[in-house]
Structure formats: structure tokens, C-alpha cells
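Going in written order, the chains are labelled A, B, C and D, and every chain counts its residues from 1.
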Amino acid sequence: MRTDIFVKKNTMKRITLVMNCPDQKGIIAAVTNYIHGNNGNIVYIDQYVDRVNSIFFMRVECEIAENHQGIEHFKTNFIDSIGNEFQLEIDIYLNNALPKMALFVSKYDHCLYDILARYQSGELAVEIPFILSNHLDLKNIAERFDIPFYHLPVSKENKKEAEQKQLKLLQEHQVDFIVLARYMQIISKDLIQHYPNKIINIHHSFLPAFPGAKPYHSAYERGVKIIGATSHYVTEELDAGPIIEQNTTHVSHLNSIDDFIAKGRDLERIVLSKALQLHVARKVMVYQNKTVVFS
Amino acid sequence: MRTDIFVKKNTMKRITLVMNCPDQKGIIAAVTNYIHGNNGNIVYIDQYVDRVNSIFFMRVECEIAENHQGIEHFKTNFIDSIGNEFQLEIDIYLNNALPKMALFVSKYDHCLYDILARYQSGELAVEIPFILSNHLDLKNIAERFDIPFYHLPVSKENKKEAEQKQLKLLQEHQVDFIVLARYMQIISKDLIQHYPNKIINIHHSFLPAFPGAKPYHSAYERGVKIIGATSHYVTEELDAGPIIEQNTTHVSHLNSIDDFIAKGRDLERIVLSKALQLHVARKVMVYQNKTVVFS
Amino acid sequence: MRTDIFVKKNTMKRITLVMNCPDQKGIIAAVTNYIHGNNGNIVYIDQYVDRVNSIFFMRVECEIAENHQGIEHFKTNFIDSIGNEFQLEIDIYLNNALPKMALFVSKYDHCLYDILARYQSGELAVEIPFILSNHLDLKNIAERFDIPFYHLPVSKENKKEAEQKQLKLLQEHQVDFIVLARYMQIISKDLIQHYPNKIINIHHSFLPAFPGAKPYHSAYERGVKIIGATSHYVTEELDAGPIIEQNTTHVSHLNSIDDFIAKGRDLERIVLSKALQLHVARKVMVYQNKTVVFS
Amino acid sequence: MRTDIFVKKNTMKRITLVMNCPDQKGIIAAVTNYIHGNNGNIVYIDQYVDRVNSIFFMRVECEIAENHQGIEHFKTNFIDSIGNEFQLEIDIYLNNALPKMALFVSKYDHCLYDILARYQSGELAVEIPFILSNHLDLKNIAERFDIPFYHLPVSKENKKEAEQKQLKLLQEHQVDFIVLARYMQIISKDLIQHYPNKIINIHHSFLPAFPGAKPYHSAYERGVKIIGATSHYVTEELDAGPIIEQNTTHVSHLNSIDDFIAKGRDLERIVLSKALQLHVARKVMVYQNKTVVFS
């Protein structure tokens, strides 16, 4: 059994396979054999076994012939050949296809500027179909970077309706994932269910310390000597989703709440952009409300 | 008004003044003037104002004449001259007097080894009158370093009695402060009241995340990407006392709970020994369940 | 002797005094007394003594009456009263006066974007009279942020002339200090002498390791496990000026030179912006090719 | 072709395979297949390709039957089966065999204490046949931990002879690798050639900055804001061998040279012990004066 996906031609393209299955003997040999046996060239392999839960995770980057019959065809053959035998769940991506990332913001501009600068310079390999906000404060930044801006105010009264509009926008633009770049609204259950593990938030504390509103104020009150930031996938429980990336920095009694906020901005920028890079590179795998993050 | 404490003689000694008072104009000028006017030489000055609560803090190291009439005499004169006027609370220490530090341990040896190595090399300027434990596991380490070891098992039945023995030991040895170097027992209210802000604990999480037992297990369950350690003064509320020092390190999905524990040991060693250094140098001031830590 | 600078009126303004002198007894008392005696209110005081070289440094923030006779008048009185006696060198600044900062760039945009975002949000309290570049690549960014852009190509032939034009621009715009935000040209001795300790560079290594060109390549060759960035004042010796701020991050064998460069960009952003904040707040004092940096 | 090493029995043991070869297609499949085909169970796999030099590296931990015919037998079969075809260089280790580690020290005790505490607690899985020193200062520490201590003074006159004695001791005790825990003597070319990539040094700077003697003094002179420590394999060029692990910490103008040294001690402890852990776990592979360090 072989697919023509790997038939050697002049040019090659790269694909990424992300998979997991119950841990079992021979799984690595089976996958590497299959790719090798079909003229694929493994460029990078990452694997991990959660021994407590006996789950096997693997991410493989490989080069394949340019003119194959398509990802879907390959996936079907792969599953027929070894997927079913090993109960594999697998996703396959073309490395040069840019995912579509929607940005939700409110009034804070530091994460937005940071993301747009990385996007502009090519450091962040995505398309940004639009920026959405419940306020008008950051409209001019969107304009500066020539990105469509949608103003969608949210109040108690129109919350349901506003979410319907959000969903419509996301679907019309075929958005792949959403970034809450300090978007100060709680995302509805309905929207989360449409984008499971595809909504990335930046929370301004080292979770699980200080979930919810005003974490810098709480950190100041408690007299901590470190503050942090956490990027995680949004789940229905507030600030309790799978953590992608965290970082911390030192503070002292000299620092006011405003200093906490200013230092925190640098943390938030770094942590969120790192999480986005990892997500875009398909290096994050979610299970049991935790993440496997290949480096 | 002047005291002879500062009269220049051949040799000088160093003292440290630690004070706080309601914030008010002229306090720095008054203190520096007083010392200067009495032939003292200010070596180092640290000051901080909590503007929210209008409290002024200062720590001054200065050189004074060797043959003065004593710390108590100086303190009396200082208070008569400016202390009362500014409502100053003040403590004065001779820099070369070694504080007496009691060590409470249970079964983990990493913090104990680290402290004893620093003590032995002179890095930690204290006397260690004794090591106390509710277990016998670390007795041989105490013997290796020629430090008296008291085995004081604690059970539900004898808890009251055991604490009385602890207190007696502490008082007999004129202990200045106590270090809980992974001592796995909760300290009683009574003992805490005898040593307010003089019992230093190391907790193996970045508080306020994961207080109480088994924080590394909880951190693993939550899937955090950083773990931490916190050194704090013990108060009646568990793991909620004023924080002296914290630090964190990165972990990943690759790390098992045992890895968390191993990485944590390095954090605990560094954080606790830093907190001890700061406490011994009289650089930590406590108020409103927070600390001012001069550097 | 007193000046009317401190006469209490309805409103107050803040000034910052930055001074140094040979270390001597009573200097702190003299300065704090003078300010207190003239109705000034000390808000923050930082002091440091280099005991090896016997130099005293102090930075004082204080509140003074709004309608004083001006900084220059105050300075004169201060010098007459105590400055001469203690051989003080002193600079005095009005806290709410924005310094004028010129930006020199070439082709890399990451530091430029970062600085402009912080400028735009008010986080960086400066005026930016212009951006100057030897290339046209970043012109559109300047336009996006509505900041004048000067294109001044530099070649071996026109170097002298180009520098004259730079100097003219700087003087016309009354520039206070210059930031080399990855400006890929060596600054001439002449320009440096016009702006001593006022030209801030970001170098992409942890100096003194890897000075000069292509430090990330050299770091990769050497197989280091950490890379760094250094912000320093420009002096005539290349990459050897007084260091303001440094930071490092971990790398591994997995990281290619491109990864080093990408990780380095985040370091450069953070290190340069921190150095700018410190410089703007007058917290950096230079002597003997080193810096005192108050926190 | 199969070996009986993998024949399933009641109990299993773990072995670690460390290999490298010219990069080529199918190598991962070949190795994993071989192990799988011989009833081995791959527990952990790490792989890396240096694309610049086209070298493939792999480290595999796997479980094999307890009663196999021995490592050497397995190695022979492995090489016959696939080793020659792929030009593999391979080392194979029994995971539960403790390597013999000799400690060379001079007068500083902090690294020695740290290593011995980790050794004593089982954190560092080695045997320590002896501690060797050119001074007597640390003899009592060796005695405290019941480890043989050899005093071997080194002078210009007896250097050759002293090295012969060192070599004899090392060989008599079948030492696997040597740790220079702040041993203040330069190791001779002859000794290095007997233990290539098996002598681990801790240098008290972030190399390549400040090689040679008194790096903390040089760092202080230069006015750096970070100091570091580096653990590396010893080669003939001083402080220029392959780097295993590095770390840094912040310093400021407040820190004297003594403070640098004290802060550095904590770095040295952490960096050296991390390097030892990595070496003992066979996670460090050396080529072209650089290291691949699996995590």
C-alpha cells in the first residue's frame, strides 16, 4: 500500500502531521516506516508519551513531492494503512498555508501593536482577516496597518445578538483561530463550542493565581515578589483552560500597581506572541485540559 | 543633645538602624542630621515611602566609635531627640553580632544541606544553636556538621506538649529566629505569637497559587508551564504570611511530578537562602502582611 | 540662604536632581537639609557610594512650588549654598518636560515598532522630532506614525558630508539624545563628542562577548547556550561604552542562526526600551565607563 | 537477523543508545524498526539533525529483557544489522549502572558541598571513588561524607610527576569522568587526551566573555549588568571546550566584587550540577566543539 504523495519530483513541499493514540509498542516504527516507504523525507520528529494516561503524541514534519494528490487523499491512505490499526487521531497541514487569525481587542493597544509588528515583518505567519472590538479606541491602529476593523459594542441587552454577529463574521472570513488580545469581554459558551481549542487568551497573571478581573491589583495587595502572564485556550470555565505559555518577572515593594501594569505589558506581549507562534506551527496539542507543547 | 556614641576613637564599629513612622516632611533630614551631628558616618541608606498608606521606612548603616555607651543608650537618646517627634519605631543592631537561628526539619535534606554549607563557609552569618526534627532521618547530617540535634516527634496526642518543649528549647538557647527548612508540621498559634515575623518558611509553590499540601502535584494536574517557590514569614493563616522572596522556573509536558519536585528543590534552596540572607541583614520590614525588602 | 523655589503655593511641580561629588561625611544631611529648609518635599531619594573610588552619587525627586523663579535660578542658589563646599556636580530637570529623542534606523523594524508603540501609548515620555535612516525600507512605518523621516544614505565617499547633515538636523531639532535602533553604521568621533553619553545603542550580544558584526553568527559557531542583548552609551571604542541594561535568554542546539536572530529580536526590544525608560527618567549616571542605574 | 537481547522475560531492564551518523533518509525508521523487531520497547526517543553539516543524532531509551547476552553482544548485532549500512557511531549504556566520577577541588567548597549533597540524597546517580585536591582545605568535608581524599600538591617542579599520579589514581579506580569543581589548576594535554569529553569544568563567567583567571573582577571592571557561569568539557585550549550548560543572573552598580562572587556561587552550583545530570543521563553529545543536549 502506498500513495503517490511521496513520488519524487523536482520540487518538494513540507507537511506537518500531528497525531495521538493510545500508547502501544511499535507506533514510532510504523509511522516512520510508512513515511519512508512512500518516499517521504522526515525533517523533524517530536514525540511524547504520557505514561500516567498511556497516550502517545507525535508531530512529524516531512518533505513530500510537490504534485501529490492532496492532503485529504494522503490522510485517507495513511488512516487506511496504519491509522485504524493504532486508533490514531491525525491532523495534517501544509506548512506554507497561512492560517486565518481574527483579533479581538478592547482598549489596550500593547498586544495589538506587538502582534501587528510581527505580522507585518513576516515573523508571524498568518493572515489577519479583521480586527474586532467592542470599543472604537484602537480603530486608528487597524487603519494604520490596513486591516479591516469591525466595531461591535457589547452590552447586557445586545450580548446574544452581538455574539451572533461575531460568529457570522468569523464564518464569512473562514477564520481558523481567534486571539483575545486583551479583549475585555467574556466569550459565550456558544462561540467557544464553535472554536474548541482555537480561541487563545492572554491573562495577566501566573494562573492559577489571580484569575478573573484586576489580577495586578490582587497581586499588589498580596505583596507578591513575582508577577506573571499566561496564555491559554479559552474554555467555559473562566481562566481555567489549557495553558500554552507562561512567564514571570520580579517586582518589589518599590513597584506601584501602575508599575505592575507596565511590567506586565512586556510579559503579556512576549507570552502571547510565543503562544501564537507555537499554535501557528502546530506545536500545541491539547488533552485533558493540559497541553503538550513541542519546542 | 548629643550622645557620646559617635565620639571618634581609633576603631569604629558598624550599626544598622531600621525604622518606620508616619510619612512627614523633613524626616530624612532629621535622621541624617542627627547621625552626622553626633560624629556618625552614614555608610548606606535605604528609604521607601508607601504613599497609599503614608508610611515612611528607612534602613541606615553607619559607623560609630568603638567605645560608645551601648546600643540601648544610643537608642534612648535617639528616641528622646527625634524619635518621639516623628513617632518613630526603631530597632538598632550591632552588625557583627550573629543572630541565633534554629532549624526545624523533617525528612527532606536539600534545604538543610544548603543552609549548613553556607553556614559552614561563613556565607550565612548566624549561629545555629540546634536542629530540631519530628523525625530521625536527618540526625546524621546534624552530626556531620557538629550541630546539636533534638528529636521531638509530634502526634495528635502530644502536640501541645511537644510545642511546650519546642518553646522551652528556643528560649533556653535564646533563639532569635526560626527557619522551617521543609518542616512538615503546622506551627501552633502560640509559638507564632512568641516569634512574630521571626519564623521563616519555604513553601514549594509560587504563592498564592497552590497553598497547602502537595503543591507540585496540583501544579502538575493544572498543567502549568512554570513552577515556583516562596519564602514567607509564618502567620496564623496557612501559607498566607508576608512574602520575603519568590522565584520560578520553567517546566514542560516532558516533566513528571518527580521532575517538578527535583527542579523545585533547586528553587527552594535558592529562595530560602536568599530570604535568610535578607532577614539576617535586617533588610526585611513587615507591615500590613507585606514586606519592604531593601536590596 | 534660601531660594523662593520652594515657597508653598497652591500647586506643586516635581523636579529631579542628579548629582555626584567626592564622598565625604555629611553630604546626605546637607542636601536633604537644604531642600527641607527651603520648603521642598523630598519624594524619592536614591544614593550610592563607590567606595573603591570614593565617589558619592545621589538622585532626588522633590516637589517644589509651581511659581518658582526657574530651574537655573534654583541651581545657582543650590551651588552657592552647598554645591561648592562639597564639589558637587549637579543637573536639575523638570519632570514634566519631554526630552527630544531622535531615532536612527536602517532596515530592521522590530525595535522601531516597539519604540513607536510605547511612544504612541504614552509609556515612553519623549518627543520624537524625526526618524533618520540610511535606507528607505522603514519610511512607511514613519509615515504610519506621522513622524518626519529623513533619508540620508551613507557611503565611503559621502560619510563626512552625511555626518554634517546629521549634526545639522539634530541641532535644528534641539535633540536631547539619540537612539540607534539597529542603525547599521558606525557613528563618527565628531558626532559622539557632540552627544557624550547621549547616544544609546542596542547591541545584539551579551557584551563583552561578541562585539562587532554578526554576533548571532559567532554565538552559533561557539555553541553557547545563552544569547543576550546589551544597551550601552556609544563611545569611540566600538561596543565598549558604558552598559545601561543587559538581558539573556536560553538557546539550544535545536536553534538555527535564524532562531537566534528571532529570539534575539525579543531581547533587543525589551533591553532597549528598558534602557530608554531609565535614561528618560534620569536614572542613569555615567562615570569611568560604567553606569550607576537607580531602580 | 535478531538478537536475544529483546526476548521477553519476566523482568525488563533499561538501556540507552546514543548514536550519530551522516544524515540520510530512513535512518529513524531503520533504528526504530530494528528495536521493535527484536521485542524492544522504545520508552523515549530524541533526535536531531544538524542540517548545516548533515549529521544525524539520536538518543533512544528502551526496555529490554533482563537476561540478554550483554550489551557488547547487542552492540555487535546492532552494528552488523544496520550500523555499517548507515555508518553509525553508537554507544550503549545500562541505565542502572552508576558511572564513576572523580572530583578535583582546590579551596572553594560551594560546588563540592552541592555535589555531595545531591550525591548523598541520590539525586546524582554516580559513584564517587575519590576527591583529589592540591590543597588540604577541603579534606574535612571529604571525611564528613566518608569519601577518600587524596592530597596531591602541584608545583612547577612536580607538575609532570603529579599528573602521573593523578592518571594512576584515575585508572586504578576505573574512573569514567572527572569533575573540576573549582579546581584551580590547568589540566595537562596528556590527561585531557586520556579523558576526551570526559572532564567537566565549571567556569565562573558566561563564556566566551571573560575566559581565564579572575572573571568576576573583569566583569566588575567592565560594568556588566549580568554575570554568568558556564560548564564545559575541557579541551586543550583554555575555557574554549564544548559548552554543556550556561546561566546568568542580574547584577547592578550596588554589587561589589564580593557580591559578584557570592551571586556567582549560586550560579556555579546550579550550572555545574545541571551539566553533571545531563552528562550522567548520556544526554550530551559532542561534535565540532559544540554539544547536542537532549532535554
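We take it that a contact is a pair of C-beta atoms (placed from the backbone, for glycine too) under 8 Å apart; a residue touches a chain by one contact, two chains touch by 3 or more.
Small disclaimer: the values here were computed from a predicted structure and weren't measured.
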(Q) With touch defined as above, tell me whether subunit A and subunit D contact each other through largely the same residue numbers, more than half shared, or through different ones. (A) same
Q) What's the chain with its C-alpha centre farthest out from subunit A? A) B
Q: Compute the distance, rounded to whole Å, between the mean C-alpha positions of subunit A and subunit C.
A: 37
Q) In whole angstrom, what separates the CA-based centres of subunit A and subunit B? A) 43
**Q.** Numbers and ranges of subunit B residues touching at least 2 other chains
**A.** 254, 295
Q. Contact residues on subunit D for subunit C in the complex?
A. 48, 50-51, 206-210, 222-226, 228, 242-248, 252-254, 256, 289-293, 295
(Q) Quick check on the complex: what are the subunit D residues that touch subunit A? (A) 25-26, 28-29, 32-33, 35-37, 41-45, 47, 49, 295
Q: Would you mind writing out the residues of subunit D in touch with subunit B in their complex?
A: 109-110, 113-114, 117, 120-121, 123, 144-145, 254, 262, 265-266, 270, 273, 295
